[in-house]
Amino acid sequence: MTHIIEVEGVSKAYGGVIANSNITMGVEAGGITGLIGPNGSGKTTLFNSIVGYHPIDSGSIRFDGREISRNSVQDIARMGLIRTFQQTRIYGKMNCVQNMLISLPHRKMSFLDSFSRNSSEDYEKADRLLEFVGLYEKRFLTGGSLSFGQQKLLEFAMALMNEPTALLLDEPTAGINPTLINGLIDRLKRANHEFGITLFVIEHNMRVIMNLASKIYCLAHGELLAEGRPDEIQKDQRVIDAYLGVH
Amino acid sequence: MDQFLANFSLLLEFPVVNLKIIIDGVMIGALFALSAYGLALVWGVMNVKNLAQGDFVIAGGYVAWALSKQGIHPLLGVPAAFVVLWIVGWIIYKLIITRVIERDLFTSLLATFGIAIIIAQVLNLLFGSDTQSIALKYKTLYFMDGFIDIPIAKLLGVLMASALAAGVVLFMKFSRMGQAIRATAQDARAARVLGINTEKVYAFTFSLNAAICGAAGAIVVMVWVIQPFYGITHSIRSFVIVTAAGLGNLPGVIAAGLGIGALEQYGAHIFGIGYQQAVAVLLLLLVLLIRLMQQKRVRKSLQ
Amino acid sequence: MKTKRLVFYAALLAFTVLAPYLLPDFKTQLATLWLMIIVAITWDMTGGQMGYNSLGNIFFYGTGMYVAAVVTIAIPFDVGDYTNAFSDRIYEFTDTQYFVGTLVGTLAAGVFCALSALVIGYITFGLRGPYFAIGTLGVAIAAGELVSNWEWVGGGQGISLPVFPYDLELGKQFFYFLFAGTGVAAFAFAKWLYSTRFGAAINAIRDDEEKAEAMGIHTMRYKLTAWSLSAFFVGIAGGISAFQLIHFEPLETAYQTINLGIFMVVCVLLGGKGTLWGPVVGAIVFHLFKEVTWNYFLGWQWVALGTLIVVTVVYFRDGIMGWLMHTRPEWFGIRIESKQGEAPS
């Protein structure tokens, strides 16, 4: 069992507010790992630190054995570590197919490739992935005209288009119609084993994360509170207290 | 190049020259700080980056100049310019600015650039393109065996600028309107929910800014010169100051304003008067560069 | 559909070639129109398509003028002597020197501007939104001020170049075709560029740069390339202008920040930002407006232009093409009405 993302002793403070303090964790290669914690416990900050959105104060972050804590977002993305945003980000003025095509993995192209048009395989791939997330019917609508839940699906499809090694998902089910959540869990699992993408998921919905992840980390007040298999986490008194606010 | 070096070594040989340059620069810089404060106000409250800032200054200067030609004492030109520019600012707000507030920033930048062109050209048509100034018949004070000369007119200008700034600051702090303006600057939507008429606040802020600039211009014409096309340089100076100091940082604005004034005087001394505009603009690039490097350290861009 | 389009482009091209013969009195105005089209198309490459609104593209125009002039002079003479000579020394250019200078000078101008865009862009592309606009404006103003103090290139007096060696009318035609050729090339280049992945990438930078970075797009590389390509064409246009105008000086002609520098932005906004035809249409409408006001508004033409800028920006933001897209979306192949598709399951 190797860890593709290794976080070691990472701390990050905004001014005087400590968002992450001495966090150590690992994301298993090829698996699905969950990250939970009450609001404001520092989950998104940790995600941002991993993908290079801001410099960390101390500690080390490795991806595939390489130190990445000093790299920029773009560099890290080009190593194959992609994230989605909590407040979904898509290109609102482009239609879904264009959104997909622009998400082709640029790390696998030479600069001269970018001066060519998209091949028919690119279009097929875009259509296939839109079909996969269930947006094929809407493929010619602009991203901005989709509902929030559909935009989330589009963003997920765009991430898959990028053929990442590991994908960090920030609350993939937030704002999605509850009746569609089972379908989404199924897709996340398929993305994991059909495409072999390592998933690292922030999630508030306990049912989803318990179903999805094989290992879960729980943060509270910027510190790592507990880690373990879903059934262990579910029973952990500290986690229960943290969510009920006893902590 | 030799000339520049010679000018530079003069500064080292005669430290008193430095003192003179700094005093001159600070006196001019006080006026820069005034219009920069107006820019920061409009920028912070309604997120409009006003490129016509300098043209308000010049327009205010022409108001005072035109009145002094009619035999009205130049010191009365300051309140007159304040009032006239208030009205001009209000009209411009109602016609144009109110429609660009919610838009992207480039729109407001370009719209105010258009306004700047119009103001400059109208002034040019009305008053011609000669440089103008008002000579006040006050004495000049001499210090240090005559090395340092401070015209009382300039001193008076600085005093008036300080009084105006103090007045505005007190107004912002204690009046109802001032409080409403500060609330709107923090969160316009919340202010609206709480019953503040933000449209009125915006109109007031923009008019106030124009009026402050106008008064500053009326002082500029007494201590320096004006010309219809000098506006853009004043605007750039305001941007330099606000970019260097940040929004809502009054001491910073004053410090940056005085600093820019002094640096420009140094530039003019070392490189010659021909480089004055260039120095102002190069200071802008320098400030942007420094801010950019600060942002880069936290992996952000300057926006 | 395809033949229709071909006929349309062929007709336009034919008109471009025949225009100076059909309208012989307007050769210079038509050449200026092409200049406007070039600067508008290239401004839109970064402004409309990439979301980086530069107010300093005039830097490349002015620099192009100076590079072309200096190269042309430097081939046969010493530049410092030439620019500072008084009437007692006459410099004669042979025909060969003139035409070689025009060719080499304008190309050198293009290349130099493309390279300088890389250098300036490397610094200024860290600035976003209004800071980028003001920063680039600062670069252009600073360049003008510095050049006007640089005696080697003539300081504030500027530089004089030799006159076109043959008949005056032929000269006007010569410059018309130089501008038209560059303009057609710039348009064709932009049309091709926007259809490639490169075009999509700069659009992505415009719509959400942070997202583009998070998806691993080499944003800086794209931004630099786009600006460098547009600077290349502007530099060439500047180089041609230098020969057409014969004499130019730094502040009012070369680095004319508030004239051409702002006109190019207004052309694009008037025609429609981020569209292929917008800059062309905008340049034509703007140029007509400018010629009319210059002829009939004696003295007030600048006020009229300022008003046009304000009105365009405030009331007509989407421009002509944007307005057409809104009212006639089917012309552009845009579907807005959603087919009642199934909800994703």
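As written, the chains take the letters A, B and C, and residue 1 is the first residue of each chain.
Convention: a residue touches a chain if its C-beta (ideal position, glycine included) is under 8 Å from a C-beta of that chain, and two chains touch if they have at least 3 such contacts.
Source: prediction; values computed, not measured.
Centroid distances built from C-alpha atoms place A farthest away from chain B.
In terms of C-beta pairs in contact, the better-connected of the chain pairs A-B and A-C is A-C.
The geometric centre of chain B is 32 Å away from that of chain C, both derived from CA atoms. Measuring from the averaged C-alpha position of chain A to that of chain B gives a distance of 48 Å. Taking each chain's centre as the mean of its C-alpha atoms, chain A lies 43 Å from chain C. Multi-chain contact residues of chain A (touching two or more other chains) are listed as 72-73. On the chain C side of its complex with chain A, the touching residues are 193, 195-198, 200-201, 203-204, 207-208, 210-219, 221-222, 335, 338-339, 341-345. Partner chain C is touched in their complex by these residues of chain B: 49, 96, 99-100, 103-107, 109-111, 113-118, 121-122, 124-125, 232, 236, 239, 243, 271, 274-275, 277-278, 281-282, 284-285, 288-289, 292, 295-296, 301-303.
Within the complex formed with chain B, the residues of chain A that make contact are 52-55, 72-73.
Interface of chain A with chain C (complex): residues 51, 72-74, 77-78, 82-83, 85, 89-94, 98, 101-107, 109, 111, 113-118, 133-135, 137-138, 140-141, 145, 149-150, 153, 158, 162, 177, 180, 183. Interface of chain B with chain A (complex): residues 297-299.
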